[in-house]
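Down below is the structure, laid out as structure tokens.
Labels run A, B, C, D and E following the written order; every chain starts at residue 1.
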């Protein structure tokens, strides 16, 4: 593994927040989704999990969120577990309340914290505007397109201004232009607020553009294949996207991913 | 609209299969998903629908499949409607039978045509291998990752060797490497069998790589913004992907998409 | 272009057919049930005539209708008495059924510990335990309500429990992540998600609480003036007054149908925005 | 690194706590219900003693148990008779309920036309129409079955109808696209999707068909030969043999609980691979 | 061959049905060509519709009121004999509770009365003696509520409930025979449809005569076989109970008293029936002006059949 270094522009990063140690997960049907995963997430990290479909990215994210218990290994939080930690989570599927309007779905996390509808309204509206859903406040999920549902889910995860943001392929259902826009928005937000992000993606470009570290995973069994440090300064903008450095980094990450996939498909097919 | 020309390498293409004329769709809640859409799909076409999230791509595809009736305008099929037409459809969400195994889900379309389990087995197994799911025959959908579910859904759409293939962002949940692979597979299959594909995507790169025509849509109301002819010969391979012609075409399509999106967001935000 | 033109020609009739079918369906959805009802009544009449069934065994519908009209004051008065118990019983069944379901949803332990008692209540024949109720419950209405409740609460309990346990796993995780309390999860997630199941149970319980009210009256008796339909049935049976007996039965049936329709409407209104079972087929 | 070490220290107890809780839950899920049952029986005993309730009103559990033992041959013989009707009734209810639900699912018209008759059947008090049944049905078993069926079929019908109508829209579209026949859609899509609802209805109907069998026997009269538990209850009541009456009631309750458990198990086995309500909480 | 007929009683087999069981057991019916099946009734069992539908040939009626109802409803049903000269119906109360006199009974907290009772004699008790209809609760043929509540009264047959109450409740209840207070109906009647009377009078004659002889033999002769048959139909009944019932029937002259002493068991007279009808009309239990002659026929009784069997 590449030793961690402070990324320029993100001085706060570096204090370990969570370590996964030899974490494994075998489901009751015998499928080993994860095996012997070691990973450290540092405070202020923008960490991407990159890997082929079915390699255990979602499972790893759920373990990090505490939604799934690992069958082997341990999770070490640097904070006391009791400490109120606000976590934002974007599920791979939209996971909206089918009976609630878009507004109410985004309001939900605040509502659960006791914030009234009117108090929540400014924050909710602002986020809905950010994800280009103004005007759909009163629609229910079944009246939305796939991408719109996902955007509601993203808005919901951000509405509490969480200190830890866990996102499972949040932008997969969006067109590239909107995706770029939201990428920029997210980066901006991250630089302003310095929360920690674990970001599951299957897009090399996206992971390189966004994160300071990329954990490339391989499948069968799901494991950490290699960690890639993205040594590019923040803020990153459209200029970065067209820079040769970006292209080089992408090629590097892509190569790692290809070897990760080959190490899988070779075994399977 | 750009007048249709025969694409090199796809001589059969050109006979109109289906024309949408001034098609509009307004849902009962008052949302106008499509307005005044004119579009012609020719036999052997690989037509991509490209557009921002929520612009009505899925709705258009459902109208083409006959799953949704337009509120205005007409659909003109060149074949008699009664004529047995085999249609493969990939929904934007995986849409699997939750109680059936992966094998049974893929078998389903054949089963409905009266093909027995054992007769279907070779075709099913072959397709499962193609989407890298060998070994998961007996898993039920909830035991699969998001991308795996989508791949089952793709295999199911292909298993009947349909003459018309309608796909709604089939590869959105897949990593780029797998996606490229499946892109190539699909193209190969299409060249061999010469069926007609309508392919919804939000990826400019994918649409340029795959299709001979791209219909770029804009939102609010959903409409055809511009049609882009992809004037590149088939077969297209990895070499094409890195060719300057490809890059130029992508830039062209991307520009059209950006103007389409701007024409939307300007109005909305 | 011939292809397209020919297809235009083939499409119009299809569209027309669709429209015609829709119109037919709109009319049919009212006319057909009525026609079937009328047919059933006609059949009943014919069967009486063909088999020469004497009136004191199975009166012809005309006679029953006549009786319904003649005895209207008496019968509708009794209907009101029965409906009062029915509604109160249903109300209690909803409160009790949902309350218990919520309790059971709190923990597997609670469910395993107390579900048996709910089953005992469901399967105990009221006739058999009525003497006990009679000894320890003084108020007549309370007796009737208790009986009606025992009959009606179980479907609501069972269905609501099922619904509360059928919540999407990811949504539950979402609530966990946001630090929702048990109560919040129940209120904002489980109860709304259980709605379709609960409403299904309610539709069953509606009829059951009606039958519960009738059975309660059969068992618990009714005091003089305020006697419901069950007393009328017993009385008519004893007096060999078959037309009145059937008139009372028909009132019960009609009440049952109306209750079902009302509950279906309620269910539809609650679910129509989001649940498959209530969505209009939008094409 | 201190942070990590300290966190190791704080994590282990949590893990240990989780394991302890799991073990406790496994034990508790058997012990607690039993304990509660024992407590309830003890309370029953105490109440009898504290309030000096005479045996002919509410016998103490010990006496009932003793009677259950003494009259075992008689009571279990009767239980078998009742259970036979219960199972046949439930079987008919399943066939009838699912059959009607499938019929109703064919078209809104059919549903609107025939659902009222199902409701009429549900809400008609058996006591009131039994004389008619008695006249036109000769076979005693057939009479009893008819009664048990009338009591039990509705929840299955209602829940299955709801389930058949709750199928995911996209899946329905998928079948349409693949040219599935009505029958194929029913068999491969609607029925499996309706399973959880049907099984919920079945759990309700299990208890109802037991009570239906008992009520049927009450009404149909236990003419010596085919005396099930209901006749035992009537006789015991008439003879003021309260211990036997309660022994019979307890047998009915136990039968109800066993039926429920068996149906729950069946339901679990059928649904465990895919439906939320039956999934083990896998963390 | 003997003609198969069915007689349905209105309760589980008991000594009060002894005469019929006797006639079956000792071949009295068979002697005049009938193969009689006795089908027992029971609580909640309503046999009269079976008679109306022709599924059974004879039915055991409780008292005369329902026959009057049949006339009112134009039902061709007739009483062909009245086995009991007196209604054995009693009302019981706890002794020493201020309910020791018939006039006081209406002050009880609760009247525990069955459905049939509530529809017949209770109506008479209301109008004639001022009982309060609101106090009635159903009798589910379980005496526990009566025993538990000292301020309650309950219906019963003089031949059975008092025995059960005494055994279980440990006290001897006051019993008030309704017949003694003016409810002068015949009871345990034999009802038949007019059609049977018209088309098969010999069957009716045989059954009525046979029943009379059966009753004489049951009360005064060797009733062992009949009691065995009763116990077979109703295994829960005890010899003690049967003995008690027979003793009570004799003591109160339920079967063999009044007109029956001269005219034979089953006797009915126009005057007696008319007298009862008038009382019931006065008590507003039944409407005026019914042609009550349609409710019964005297063609088969009052012939002194079986008087010779009485020892």
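Rule of thumb we're sticking to: a residue touches a chain if its C-beta (ideal position, glycine included) is under 8 Å from a C-beta of that chain, and two chains touch if they have at least 3 such contacts.
None of these values were measured; they are calculated from a predicted model.
In terms of the stated touch criterion, the partners common to chain D and chain E are C, listed by label. Between the chains C-D lie more C-beta contact pairs than between any other two chains. In this structure chain C contacts its sequence twin chain D using mostly the same residue numbers, the overlap exceeding half.
Chain D has its Cα centroid 47 Å from the Cα centroid of chain A.
With centres taken as mean Cα positions, chain D sits 18 Å from chain C. Taking the mean of the C-alpha atoms as each chain's centre, chain C and chain E sit 42 Å apart. Residues of chain C found to touch two or more other chains are 57, 127, 131-132, 135, 168, 237, 275, 279.
Residue positions of chain A touching 2 or more other chains, listed in rising order: 27, 67, 93.
Touching two or more other chains at once are residues 44, 46, 49, 53, 140, 142, 144, 148 of chain E.
The part of chain C that touches chain A in the complex is made up of residues 168, 170-171, 173-180, 184, 188-189, 192-193, 195, 273-275, 279. Contact residues on chain B toward chain A in their complex (touch as defined above): 27, 29, 31, 50-54, 57-59, 92-93, 129, 132, 134-135, 139, 143-148, 151, 169, 172-179, 202-205, 254, 257-258, 261, 265, 268-269. Taken in their complex, chain A has these residues touching chain C: 62, 65-67, 84, 87, 89, 91, 93, 95, 97-100, 108-109, 111-113, 140-142, 160. Within the complex formed with chain E, the residues of chain C that make contact are 54-57, 127, 130-132, 134-135, 219-221, 223-225, 234-235, 237-242. By the touch criterion stated above, chain D contacts chain C in their complex at residues 25, 28-29, 32-33, 36-37, 40, 57-58, 108-109, 112-117, 119-120, 122-125, 127-129, 131-132, 135, 154-155, 158-159, 162, 165-169, 196-197, 200, 203-204, 207-208, 210-211, 214-215, 218, 230, 233, 237, 245, 248-249, 252-253, 255-257, 260, 275-277, 279.
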